[in-house]
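Take a look at the structures listed below.
There are two complexes below, and they share chain A, which is joined by chain B in the first and by chain C in the second.
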Partner chain A sequence: MSLKIVNPGLSTSIQDLGRPGYFHLGIPMGGAMDRFALRVGNMLVGNPEDAAGLEAVFMGPEIEFQKTAIVSVTGADLPIRVDGQLQEAWTSFEVRAGQTLSFEFLKSGARAYIAISGGIQTPAALGSRSTYPIGALGGVNGRAIQALDELPLGYSSNAIAGKSVAPSMRRGPGSPARLRVLPGLYWHRLTEAAGNGFFEDEWTVALEADRMGYRFKGGRSLEFVDREQPFGAGADPSNIVDGCYSYGSIQVPGGAEPIVLHRDAVSGGGYFTLGAVISADMDLIGQLQPHTSVKFDRVDMAGAMAARHERKNLLMKIREELS
Partner chain B sequence: MAQIFSPLPGTFYTKPSPEALPYKNSGDPVVVGDIVGLIEVMKTFIEIKSEVPGTFSGYVAADGSPVTAGQVLAELAA
Partner chain C sequence: MKTRYTYGGDEHIYVEMDDEMSLDAFFKSLSMSNAVRDAKIEGVTEICPANASFQVRFDPDVIAPEDMMSRVKELEHKAEDAEKRLTTRIIEIPVYYQDPWTHETLMRFRERHQDPSGTDLEYAARINGYDGVEAFIEAHHSQPWFVSMVGFVAGLPFLYQLVERKKQLQVPKYLRPRTDTPKLTVGYGGCFSCIYSVRGAGGYQMFGVTPMPIYDPEQKVTYLKDFMVFFKPGDIVKWKPVDRAEYDQIVAAVEAGTYQPRIAEVEFDLDQFNADMPGTNAKLLEALNVA
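Coming up: the complex of A and B.
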């Protein structure tokens, strides 16, 4: 064993890039909420980008290292200490056997990713070590980490301290955060005024925001176009005959508060979805604290594809920089 | 004067339920581990405990107000 958890923080879980391929069976993809931050963190410590690290939300854990390793912390600004000594974020540093990694109060963002050379080597479930507590898959016996857990680390020979990513290449949300949305299959259910209002209003992140979904409040309620209730659909105008939900899709139960479905979301149900946050912006949601302001920006498919391309290019640039 | 900080962002409550009395009033003795408030986030309520002993001076953050990590919630006289 190589990492001993002294204090788990709030809800620190083992995450890799997830387990795609089972969503049709109701098992979500899971994986890091900010995949960009985890990928870059792994690059900094010489790991494959899909190696498992720790996702710490709002609060950092305290971890005693039983083996010397190279570590990086990316994503949220959660000041880092090794035996009390401050360390740089988005930069690899050494933690020697016997030293303790700890964190101060969160300054910005929501989720910090702790990547450790060799990666965390807990058993994979359906091809991933990502923790999905509701399904008791991955992680430590299907759950988040707890005090006194001991996590095994893999072998690494190519990690070095002092690797860093330039601040211009560290991606995080602005203020207000801007999330690009592609209107979807059920867009026609909204009146034109309601559709415009969704993009005009400023929303704030509600307290009901976690790995399954992020709820937003503060905007106007949606108005629906009149219809004859379809056979099999609920009576509320926001109901549909059950359909599939995609990663990033936005459901609005009762037309009141939009919920963006994230990595651990349900795969289908009976609410209409007005569209989806584009994949290039999903990582930004993982860094939103409650009470943060958010604006949704309408894009078309070409705009969404261009954003995806841009995000891929940024990752490629970082890959080249660090190799 | 000692301060109790919020360890995480969320909504702060000075009492265990809307109808209940606040956890602490000015002048109350506080021992290490005493609950002084709750933070709600991610559908969870997290108990905020004092890490220092003293006499409760008062809440700095209002009941039901949004707070960020590191914000002062309450003060104690040592």
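Coming up: the complex of A and C.
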């Protein structure tokens, strides 16, 4: 074994880029909430971009290294120490066998990604090491890491310390955070005024914000177009006959508080959805703390595609820079 | 029925066959999602059939959303022309109705329920016009069910009963969802029954519990060795009421690795069913009896 967990932090889990292909059975793709940060972290330590690392939420873990490795920390700003000595974020550094990696209090963002040369080599489930606790898949016996866990590392030969990504290429949410939304799905259930209000209002991240979904509050309640509810849908105007949920889709139970489904989404249910956060902005949600202000911006498909290409190009640029 | 096509962000196409639930809408969504799968369109990453709708996930870097939409729309006529016939399996699922574990849970969350003075089954029986819980339980298990969707969480089946609409049982969900539901609870919400594959939050009314695991990530259960999820859309289910002694026996047999669910291969023809529901159901159940 190569990593010994001294203190797991608040909720630190093993994540890679997930296990797509089983959503039709209710098993979500999972994987890093901020895929950009994990990909870049892996690049910095010479790993394949889909190697498994650690996703630490709000608080960092304390880890004793039993083997020398190259490490990077990307995503949330969580000051890094190796045996007490400060290290640069978004930059690869060495941790020698016997040294301890630890973190100070969170400064900004919500999730830090710890990538380690060789990658974490716990057993994969359905093609991924990502932790999905509801289904007891991946991670360490299907759960987040705990004190005294020992995590195996893979072999690495091409990792070097001192690689860095320029601050201009580190992507995170602004303030207020802006999330672009493509209206669709059951958008027609909303009155025009309610649809406009959703984009006009400023929302804040509620306490119920996790890998399954992020809840928002503070905006006006949404009004529905009057109708006789269809057979099988349920009595509330926000109910539909249970259908699939898209990743990023926004449901508003009872018209009150929008919930954006994320990587560990439930695969379906009986609430209407008004559209979805575009793929390019899903990573940003993973860096939102509760009480953060958020505005939803309406985009069309062309806008969504342009944003997707912009994100892809940024990754390509970083890839070229680090290779 | 009028098909509605829409996007779910830039990576999903969502197709609703009908806004209300019916076997026709379910069959059409199942055949159309099969047609999309058989078309092997490059860029498609997931196809998820649901009760009266389905969803396709795709990679817009491989196929443009507009092109993906046209390809899916082109397949609608195939689904319409497809024979409404399915080769599937009927499975007998033992249910211990009014078990002590769901009872303890429903008492714990009573203040979140429409009727805090009774049980979920008493409430469901009353609002569906049944003369007591026993008659309601009988209606729940006497006719078979279609698995119309698998999802929400890992391996959870939604089931729709094979009876005419006026005989469909309907119950609302809890006023506020529970934070706990025992594993393998047989639940009910709207016009759907379900089995909670894992312990967790839930809003469906609770009727009983099955001793038969339907999700096993460790794949130790003998009949889940090939794959960790038991159900797939299109499966037919017959509930079989069991008492505490039988429940305990099955739990022990599952643990000993000797339990085999009763399963028979069957043909289901929607037109035949619509023409003669009791006759079609009798044949389905007969297949199970000779299995």
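Assume the second predicted complex is superposed on the first by the 323 of 323 C-alpha atoms of A that agree within 3 Å, B and C clash if a C-alpha of one lies under 4 Å from a C-alpha of the other, contacts with A are read in each partner's own complex, and residues count from 1 in each chain.
As a convention for this text, a residue touches a chain if its C-beta (ideal position, glycine included) is under 8 Å from a C-beta of that chain, and two chains touch if they have at least 3 such contacts.
No experiment lies behind these values; they were computed from the predicted model shown.
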Query raised in the report: What is the contact status of A:59 with respect to chain B (first) and chain C (second): first, second, both, or neither?
Result: first
**Report entry** Touched partner set for A:106, first chain B, second chain C, both or neither
**Finding:** first
Query raised in the report: Of chain B and chain C, which one touches more of chain A's residues?
Result: C
Requested in this report: Return first, second, both or neither, reflecting whether A:210 touches chain B, chain C, both chains, or no partner chain.
Outcome: first
Report task. Would you sort A:86 into first (chain B), second (chain C), both or neither based on which partner it touches? Result -> neither
Report task. Could you say whether A:148 touches chain B, chain C, both of them, or neither, answering first, second, both or neither? Result -> neither
Report summary line: Interface with chain C, chain A side, in the complex: residues 20-21, 23-27, 125, 132, 134-137, 142, 182, 184-185, 187, 230-235, 239-244, 246-249, 266-270, 273, 275-279, 301, 304-305, 308, 312
Report summary line: The residues of chain B that touch chain A in their complex are 5, 7-11, 40-43, 46, 66, 68-70
**Report entry** Touch list for chain C against partner chain A, complex
**Finding:** 6-12, 14, 16, 18-22, 45-55, 57, 60-61, 64-66, 149-156, 158, 165, 172-173, 189-192, 197-198, 200, 215, 217-218, 229, 232-233
Report summary line: As the complex stands, chain A meets chain B at residues 10-11, 57-59, 104-107, 110, 207-210, 289-291
